[in-house]
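Just below sit the structures, each encoded as C-alpha cells.
In what comes next, chain A is part of two complexes: it sits with chain B in the first one and with chain C in the second one.
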Partner chain A sequence: MAAEDATSRDTGAHAFEEIDWDRIDARGGRSVDGWAITEAAILVGLLAGFVYDYSAGTPTELIGLDPTAVEWLFSIVLVLGTFHVAVPLAENPRLTARYWRTFRKNRVAVGSLGFLLSILALGVVGPMIWVPPNETIDFATAYRPPVFAGGSWAHALGTDAQGRHLWHLIVYGMRVSMEVGLVSTAIAISIGTVVGATAAHVGGYVDEGLMRYVDLQQTFPVFVLLLFLVYLFGPSLLFIVVLYGFFGWEGIGRLVRSETLQRTEAVYVRAAEAAGAGRWWIVRRHLIPNVSGTVITAATLAIPTFILGEAALAFLGFSDPAVFSWGRTIAAGRSDLASAPWISTIPGVFLFLTVLAFNFVGDALRDAMDPR
Partner chain B sequence: MGMKWYVVRRVAWALVATWIAVSLTFGLLVASPTPGADAAAAQAAAQGLDPEQARDRYLSQRGLDRPITEQYVEYMTDVLTLEWGYSVSQEETVIEALSEGWVNSAQYFIPAVLISVLLGWSIGLYSALNQYTLTDYLGSLVAYFGISIPNFWFAIVLILIVGVWFRDASLLGVSLAPLSLRTFYDASYPVFSVANAKQLILPVVVLSTASLAGQMRYSRAQALEYARAPFVKTARAKGASSWRVLTRHVLRVALVPLSTILIVDVLAVLFAGSFIIEAIFQIPGLGRLALEAILVKDTPLVLAVTLIPVFIAIVGNLLQDLAYVVLDPRIDYGDR
Partner chain C sequence: MTDPLLRVDGLTTHFHTDEGTVRAVDGVSFDVAAGETVAIVGESGSGKTVAAESITRLVDTPPGEIVDGRVTFGGRDLTTLSDRELEGVRGAEIAHVFQNPQDTLNPVYRVGTQIAEVLRIHGGVSRAEARRRAVTMLDRVGIPDPASRVDDYPHELSGGMKQRVVLAMALVAEPDLLIADEPTTALDVTVQAGILDLLAELQEDLGMGVLFVTHDLGVVAQVADRVVVLYAGKVMERGDVHEIFESPAHPYTRALLQCLPGRGERGGSIGGELPDPNDPPPGCRFAPRCPYAVDDCRAGGQPAAHPVDGDRTHVASCVFHGPGQDRSRLEAPVDWTGGQRARSQSEDADG
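Right after this comes the complex of A and B.
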C-alpha cells in the first residue's frame, strides 16, 4: 500500500500529460514479479529436494546434510516468512518505520525480539556448528556442573548423566522448538485464513457449517486428542507439528472471519466493487492483506502454546527418541534433581524465556498494529 | 418462544457434538493400526509363536474382524450404555478404575479451579480499577510469568526448592525443614486430613498458576472496558465506594463475558496440566491412569480417559451457553 502511496506522490509533482504509464507499469511489474519469481524458484527447489529425499524410499544424504521431513517443512516456512513478512517490510520502509516507532516504545518487547531472533539463528545455524549431542557422550565426564556452579569452560553449561554437553542439547532443542512453533503456526495461519475468509465471504450455510465446526474443535481438549492420536499412530515430531497445525487454527479462523466481515463495509472495498473487481479478487487483494496484521499478532501469541505443548508431550515421553526436545532433556534430569539440578533447570530456563519472549512480542505487536 | 427454542437447539447441538466426538474416536480406532494386536503379535513372536496367528486371534476375540457397520453400532451402544469394557492394565473394569481414580484427581483439581477463578478475578478486577499503579504492573508481571512458565518445569523447580533445598537450608539460623513438603503423593492419607492437604499444596499451586494468569488477564481487560463507562462514573459521582462500584456495577456486567472463557479455557489448561501433575507428583488419578494405559496399550482405558474430558467439555460448554442466555438480557438468540 505504501508503494502505491509513493507512486502517487512521485507522479503528483508532474503535470498529468507527462506521466509515462508504460514506465510505471514496467517498474511496478518488475519489482513484484522479481520477488515472486525468486520465491517460487526457491520453493520449487525445496520441494524438488524434498521429493528427491523421500522418493528413493530410504532417506538420502544431500550435500552432507540429511534433513528430516520437519526440517524440510521448516525451511519452506522460513522461505515463506522471508518473502511474506521480511520482504514486504523492507519494501515499505515508511510503514515499517511507523510500526517500529510504536513497537520500540516497549523496551521489554524489543529485548524479547532480539532474544527470539538469536534463538532462531542459533536453532538454524547451531546444529551445523556443534556436533549432535549423542556424539558428545562420554561417561568419564558425566554430571559435570556448569561454569557458574564450579564447573570448567570445557563444559560451559555442564553435562548430563551420559556426559552429553548440555549446550549441545539446548542448541538442538532450539531448532526443535522453533520448528514446532513456526511450522505449526504456518499451517494454522493458512487453514485459519482460508476458512475464516471463506466463511465471511460466502456466508449462509457454508458460514454456519464452518463456524459450527470451529465451535466443535474449540470444545475438544486438544492435548487429550493429541495424546490419543499419538497413542494410535506412534510418536513422531512431524506428526505432533502437523497435528498442532490442524487442530490449532480455530482462534485465527474466528478472528479472520470477524475482521473480514467488519472490513467488507470499508470504503476501499466499495471502491474496488465499483471498479468492477470480483468477489475473490477483493478477498485476496484487499481483505486478506488488511487483516494480516491481526493474523500475525494472533499467530505470535499462538506460537508459545504450540512450543509448550510439544515440550509437555516430550516431557511425558511421547516424542521421537532421536529428537532432542527441551521437554525430553528436562524429563531426563528429573531423577538426578538433588545431585545435578542443572540438567533439568537450564533447558527449562531457555524454554521459559522463549515462551515469555513470544508473549511479550505478541502483546507489543498488538499494541503497534491494532491501536484500538 | 425464542429462548426456549434456543435452549432446545443448543441441547440438540450438544447431543450432535457428542455423537460426532464418539464417532470420531471410532473412526480413528478403525483407521489406526491396532496397538493391542501389535503388542499381541510381538509377544507371540518373542515366545517363538506365529505372530500372524496371534494377531488374528486377538482381532477375532474382540470382534474386530466383523463388518464395520456392525462394529460401529456395537461401539456406539457400548459407549452410551457405559459398557466401557475391561482394563487389562488395572485388572478391573474400566468403570471401576475410573471411579477409584476420580477422587484423587478431584481433590487437587477442584481447589485449583476455585483458586484460579476467585483469585484470578479478584486480582484482575483490582488491577483494572487501579490501572498503571505499582500493583497493576506487579499483577501484569505475575500474569506473564504464569502464562509463560512451563508447568512441568515449574513443578520440578518447586520440588527442587521445597523438597530438596529446604530440607537442609536455614534462614537467619532458623531451619527451613518444617517448610519442606512431601514431593510425592502418598495415597494412604484420608482425603480430608491435614497431611493430605499439605501434600496437595504443590500440585494445586502448579496447576492453578497458568489458568490463574489467564483469568487475571482476561478479567482485567474486561473490567477496563467498563471502568470508564458512564454508569460507573455515575455511580462514583453518587458517592458509591470503590467496593460497591466493583461488586455492584463492574463485576455484574463483566461476569457475562468472563463466564464464557471460564469453561473452555480453564478446562483446556487444567486437563493438559493434570496429566503432567499426576505424572510428576505420582498421584493415582485419571491422568496417571491415562498415561499408564497409553504405555501398556490398554485401548478400552485409553478410550475412556479420552472421552471423559470431551464429555465434560461439551457439557461445560452447554451449561455456559445456557448461563449466558440467563445472565445477559442483550443476547440475541433469535437466529442461532
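Right after this comes the complex of A and C.
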C-alpha cells in the first residue's frame, strides 16, 4: 500500500516540473562539436605544415623551428592525446573524479604519473630552452662530475668525454623517448583496435585470418628487421618509430578482440540492437568506448617496451647521430665507466625510472578503469 | 474485426547446437492489439523470451534460426524484411525492455545520451532536440529533477531509477509496441509495483500495445488484458486474463495457478520437469507431467487449439477440449506433485 502511495506521488498525480531549458541547452551538445572542430582545425594545420615542410624539397624552417618528420608525428599524437584523453576527462568531471579516487590510492602511481608528466613536459619544451648538446662541446670541461659527486652547479649533472652537459643530453633524450613511446603506441593502438574490433565483430574467416596473421607477426623478429633496414637505408628514428608501431600492435589487437567479444554479450549491446542500431554503430558507440579503458591500460604498459627497444638499438649504435637517445649516451659512457661512472649511470637511471613509472601508472590505471 | 497491431502466426525458432536442434519456440501464435497488454507466461525454459525476441529477430543467428511462421506488424511480415528495414522498425516502432536494468545501461554514457540514442539512430533529430526530448521523457517516467539527472551516469542511480531510465529509453521514440521481457524481475517488490503502475500510465498516454513476458502470475493478474500460456515452446492456453484466472481450461494453466500462494489447497509444485527440448515427447508436451493424461495425449503432435466452451478467444491446446470429448474428466481431484503416479491413478479411475 505504502509503495503504491509513493508511486502515485512519483508518477500518477505527477505535475511536470519546471525545466530550465536554457540551462539544458547550454550544457548539451555544443561543446562536443566545438572541440571536434578545434581539433580538426589544428590537425589540418599540422598536416599543411608537414606537407609544406616536405614539399619544398629540402626541409624549410618554419618560425625558427625545423621539425623532423618524427617531431611532426609527435605533435599530431600530442594533439590527438589532448583531444581524446584530456578533453573528455575535463568534460566529464564526475567520471574523472571516480577514476581519480581509485587511482589516487596507489601513491607510487601518483608519484610516477607526476614524474612522467614532467618528463613529457621537459621533453616537449626543454629543447626550446636548452641548446642542443653538441653546442656545449668544450673539451676543457670534459668529465666534470655532477653536483652531488663534488661537481659545480655550472654542470649540474656533470659532463661527458666531449664536455657536453649531461643535463642537455638527458633533456633531448626525454624528447626522443617520449616520441618513440607515444608515436609508436599511437600507431599500435590504432591498428590494434581496428583489427581487434573487426575480427571480433565480423567473425568467421575474417577473424580467423586476422588472428592467424597476429600469431605470425608475434613470431616475427622486428629487431632483426630494423637492423636490416638500418643497414640498407642508414639509421633513422622515423624507421624505428613507425616500424615499432606497425609491428607492435598484436598484443593490443588480441586484447581488443577478446574484450569486444565479451562486451558483445552485454545487455546494453542487445538493447542498442533492439533500438535499431546497426552493426557499426554498435561497434563505434558501444563496444570501442567500453574497451577503451582496457586499451589505455594496455597501451600504458606497451609504451616502455617501445622506449626500451629504441634505447637498445641506440645502445648498439644503430641510431641517427643527430638524435640524442639515452641509449646512445649510455653506450658512449661505457668506456669511462671506471673513471666517470655518471655518464652512463645518469641516463640509465632516467631510462629505468621512466620504464618503471609507466608500469606503475599502467597498473594503477587498470585498477581504476578496468576493475576485474 | 480489424487487424491487430501485431499478429504472430506459427512462429517457430530453433537453435542448432552440438547436442542437436533445440525447438525453443514451436509454432506459437498470438496477437496484440493497439493499447492492450498481452502477457506471455511460462516457466524458465518455456521459450517465452525466445518468442519475444524472435518478433524483431533479435535472436542470434546462428545458432538460432526462425524456421517458420509469420510476424505481421503494420502490414509487413517482419520475418521477411531485410536487416536494414528491420533496423528501422526496431526502437522506432517496436521497442524492447530487457530484464536487468543494471546491465541495459551502458556504463560509459550519461543517461541522457542513452535515452537520446534511439532518436539519433533513427535520425532526423538534432542533438539538442534529442536531448530536450530525453529530459521530457525522464520527467514522464517520474525521475525527480530530470534537468540535472540527465547528466548522471548509470552508476549514480538506484535500481528502480535505472529501470525508469530504461523505460524512458524504450519509449522516447513513442513506439507502437513495447516488448517488455521480465522488466521487473530484478527489482524488489515495492519498486516493482511503482514500475508497473508507471508502465500502465505510459501505455495509456501513448496508446501502445505491450507484450509482457513474465513467469510471475501475480504480475500477470496486475497488468495483462490477455494471457498466452507457454510450455516447452508450445502455446498451452490463450485467453482473456479473467478467463485464465477464473476458469483455466488447460491442466498446465491450472497447475501454474495451483503454485500461486493462496490458491489451491497446497500451493505446491508440479511434479516432473520440462521435457528435453532436443527430443520433445510425442503428443502434448505437458502429457508426461499431466495427472489427467490419457493415451490420446501421448500420440501425434501437440493437440490443436480448441475453443473452450465455444469461445473463440479462449483456446486450450488439450485433447479434452476437442470436439466430442468429455471435459468433466478434468474436474476430478488429482495430486499435482505426483506426476506419473497420479496419472496412472486417474487412468484407473477412467477404466
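As a convention for this text, the second predicted complex is superposed on the first by the 345 of 372 C-alpha atoms of A that agree within 3 Å, B and C clash if a C-alpha of one lies under 4 Å from a C-alpha of the other, contacts with A are read in each partner's own complex, and residues count from 1 in each chain.
The definition used in the following text is that a contact is a pair of C-beta atoms (placed from the backbone, for glycine too) under 8 Å apart; a residue touches a chain by one contact, two chains touch by 3 or more.
Keep in mind the model is a prediction, meaning the values are calculated, not measured.
Peer 1: Let me test your reading of the model: by the given contact rule, A:Gly49 touches which partner, first (chain B), second (chain C), both or neither?
Peer 2: neither
Peer 1: Is A:Pro145 in contact with chain B, with chain C, with both, or with neither (first, second, both, neither)?
Peer 2: Touch status of A:Pro145: no partner.
Peer 1: Is A:Pro88 touching anything from chain B or chain C once the two structures are fitted on A? First, second, both or neither.
Peer 2: So A:Pro88 meets neither chain B nor chain C here.
Peer 1: Figure out whether A:Ala312 sits in contact with chain B (first) or chain C (second), or with both, or with neither.
Peer 2: After superposing on A, A:Ala312 lies in contact with chain B but is clear of chain C.
Peer 1: Of the partners chain B and chain C, which touch A:Gly348 in the superposed model: first, second, both, neither?
Peer 2: Once the two structures are laid over each other on A, A:Gly348 reaches chain B alone.
Peer 1: Taking the superposition as given, does A:Pro221 touch the first partner, chain B, the second, chain C, both, or neither?
Peer 2: It touches chain B, and chain C stays clear.
Peer 1: For chain B, which residues count as touching chain A in their complex?
Peer 2: By the definition above, chain B touches chain A via 13, 17, 20-21, 25, 28-29, 32-33, 35, 144-145, 147-153, 156-157, 159-160, 164, 264, 267-268, 271-272, 275-276, 279-280, 290-291, 294-295, 297, 302, 305-306, 309-310, 313-314, 317.
Peer 1: Given the complex with chain B, which residues does chain A contribute to the contact?
Peer 2: Contact set of chain A toward chain B: 212, 216, 218-225, 227-233, 304, 308-309, 311-312, 315-318, 327, 330-331, 334, 337-338, 341, 344-345, 348, 351-352, 355-356, 359-360.
Peer 1: Quick check: in the complex, which residue numbers of chain A touch chain C?
Peer 2: Touching chain C: residues 2-4, 6-8, 10-12, 14, 16-17, 19-21, 23-25, 27-29, 32-33, 94-95, 98, 266-268, 270-278, 281, 285-286, 289-290, 292 of chain A.
Peer 1: Please give the residue numbers of chain C that touch chain A in the complex, ascending.
Peer 2: Interface residues on the chain C side: 56, 58, 84, 87-92, 95-96, 98-100, 103-109, 112, 117-118, 121-122, 126-128, 131-132, 135-136, 139, 141-142, 144-147, 150-151, 153, 155-156, 166, 169-170, 189-191, 193-194, 197-198, 201.
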